[in-house]
Amino acid sequence: MSIVPQEETTATETKMVPIYIMGKRYEVPATLTIMKAIEYAGYKYIRGCGCRGGVCGACSTVYRKPGDYKIYTGLACQTVVEPEMYLTQMPFYPANRTTYDFGELTGTPDEINRLYPELFRCVACNACTKVCPMDVQVMDYIAALKRGDIQAAAEISFDCIQCGLCASRCMGELPQYHIAQLARRLNGAYLTPKAEHLQTMCANIDAGRYDPGLAELKGMDLETLRNTYQSREMEPASAGEDWTPQDKSHL
Amino acid sequence: MKIAYYPGCTLKTKGKSLETSALACMGQLGIEAEELERWNCCGAVYSLADDDLIHIVAPVRDLIRVKQAGHDKVITLCSMCYNTLARANELMRHDEEKRKTINDFMDEEPDYTGDVQVLHFLDFLRDEIGWDKVKEKVTKPLSGMKVAPYYGCTLLRPKEVAIDRADQPEVMHSFLETLGAEVVDFPGAIQCCGTYQVLGNPDAALKVSHDILSDATSHGAEALALTCPLCDYNMSKRQDQMLQKYEGAREVPIYYFTQLMAIAMGIPVEECHFELNRESSVQLLKSKNLVTG
Amino acid sequence: MAREISLKTIDDRFRQKIKEISGQNFQQCFQCGTCSGSCPMTEHLDLMPRQVMALIQFGQADALDVAKTPFVCASCHTCMVRCPRGLDLTKIMEAVRLVKLRRNVNEIEPSNLQPEDVTEMPQVAMVSGFRKLTS
């Protein structure tokens, strides 16, 4: 069966909906994401857009719906427009970000307290969690940090993409996402057990164990290299933990 | 007996000796303390402004967690947490208008009506366990140890949440008697240690803490028992500064009340984390043959 | 220091504000001074609690705006327990603090705390200190 490329829906059959970008009304196709709608309306992105894939956190958007007191948020590149929504993008939020020499830290709660004492101004209003486009339980990781649980904070904040919306809503003026980033760094570097096999591997590399193999590859002409690559022994998808290749000379 | 337990932030780090010793004692008494799975900082001080409800949201969330965990009572160890949670609970129970405002604001939480009971470990021991039961578990009475009970502010004031009479409290006296200690009554027992003024006016806080300690020693106390990690910071951790600054200041061993309880119950000394106390605290216990080594 | 008390210097909006925030009828204070006698902080105050009460009664907002006393108060509630008029002075002190703090003025600056102090201090000190002394 051949794959037929999907027809682009033509403008005539696309349903158009009104949206308000920074107060100005535009008619845009109902199927577009906010980001595409903004471009459709004629804006050109020079900021507030990065990966277009929902991971870089550059495109945080705040919007409201008519007759609803709630503040809604979303990533412009991921959120589909809704009729009558009125929105603005927030490409940057000026939140306190302290400088530190990471090598001098050791992973104790006091270090976070010292770098971000405003942590203790949290009042648990939960505005941060409500506004997070990634559904991170922001208030909970701040609560964890207040009691010195860096590991819990690192885990709870794992999906954070540093968009800064939490800080924009915080009545305690905390830069939650920067504090969480420090927590994840400390957790990764000092609190999670070291991967031993990685250290063995690095030592092997340093000791020159793979130099001959590498030299062999480098010495091949393109044809031999291609053939070697294509005929390489591959780990079958169903392989268990204890699988090893037939040719063990390169291990 | 199962009961919900709210630790408070400090009890997880700098004040963990209060938690570990208390939990060990509870174990001995057959009390199963279930720490809330999810909780946030209570705010440490209760908002005293009639028009400020946002600062009451934090403790109310914790009370909601108690209900969500299927409990109707919660026990606290830190007396500041006790006060904050208990006062928030009183408000939710008795002020219909504010209750509605707070519930409406927390549109992501179930409504709360103040139906949880907030207890401090001390009134829980007195009212629900009984001193006799506690006494049964005492294997190493603190005989000959002259301890001054220090209540501070938040267990006694204001009246709505006081666990005892504000002017002449007895609960900690009875507690220490039960453990076999010689209780030293002194007026400073209900005076303020300076609390958060350690940030705003550290000298003033040092002075009032010093006044309390000299009052205790002048009444013959060899040690002080307390219930709050901030009192502990002001009187124990900052004692070196007092010794330097005030003529005639004397070294006073300071304990969390639960540490003394653990010792009296013969619980392994490691549970007390005495490394967080002043050195004199362990020395005194050794001199009384309550701790070996 | 002598102060002029006249219609010119009485700030009634300030008085209203204090009443609203504290919920206390401070006009009931009859200046007995029990609060001043009970306060553990007296030697560190620039105004006795009784004087604070008098200044509020006469709407002396400017004097209270520069007063240290409300920011030395540790909310220990001793004055409240002893007040023969049943006034909750801790709430009144909080109201005076808030009138200032709500203008986005900090009494202490969290960012200026000494790193050694932050390392030493228990969380409960910082949480309570920030709540009482920052905006």
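All chains are identified by letter, namely A, B and C, in their written order; residue positions are counted from 1 within each chain.
By our rule, a residue touches a chain if its C-beta (ideal position, glycine included) is under 8 Å from a C-beta of that chain, and two chains touch if they have at least 3 such contacts.
Note that the coordinates shown come from a computational prediction; the quantities given were computed from them, not determined experimentally.
Novice: Sort the chain contact graph into one of these: line, ring, star, complete or other.
Specialist: Per interface graph, the chains form a complete graph.
Novice: Look at the interfaces B-C and A-B and say which one is made up of more C-beta pairs in contact.
Specialist: Between A-B and B-C, contacts are more numerous in B-C.
Novice: Take the average of all CA coordinates in chain A, do the same for chain C, and state the distance between these two points in whole angstrom.
Specialist: Distance between chain centres: 47 Å.
Novice: What is the distance in Å between the mean C-alpha positions of chain B and chain C?
Specialist: Comparing mean C-alpha positions, chain C is 26 Å from chain B.
Novice: What whole-Å value do you get for the distance between chain A and chain B if each is reduced to the mean of its CA atoms?
Specialist: That gives a centre separation of 42 Å.
Novice: Multi-chain contacts only, two chains or more: what residues does chain B have there?
Specialist: 8-10, 13, 41, 43, 55
Novice: Please set out, as single numbers or ranges, the residues of chain C touching at least two other chains.
Specialist: In chain C, 113, 123, 126-127, 130-131 touch at least two other chains.
Novice: Which parts of chain A, given as residue numbers and ranges, touch two or more other chains?
Specialist: Residue numbers touching two or more other chains: 120, 146-148.
Novice: Help me check something: in the complex, which residues belonging to chain A touch chain B?
Specialist: Listed in rising order, the residues of chain A that touch chain B are 109, 120, 122-126, 129-130, 139-140, 142-143, 146-149, 171.
Novice: Which residues, counting only chain B, touch chain C once they are in their complex?
Specialist: Those in contact with chain C are residues 8-10, 13-15, 41, 43-45, 47-52, 55, 78, 80, 153, 157-159, 166-167, 190-192, 194-201, 203-205, 207-208, 211, 228-230, 232-233, 237.
Novice: Contact residues on chain B for chain A in the complex?
Specialist: Chain B reaches chain A through residues 7-10, 12-13, 38-41, 43, 54-55, 57-58, 61, 106, 108.
Novice: Would you mind writing out the residues of chain C in touch with chain A in their complex?
Specialist: It comes out as residues 110-111, 113, 115, 118-119, 123, 126-127, 130-131, 134.
Novice: Show me the residue ranges of chain A that touch chain C in the complex, using the header's touch definition.
Specialist: 110, 113-114, 117-118, 120-121, 146-148
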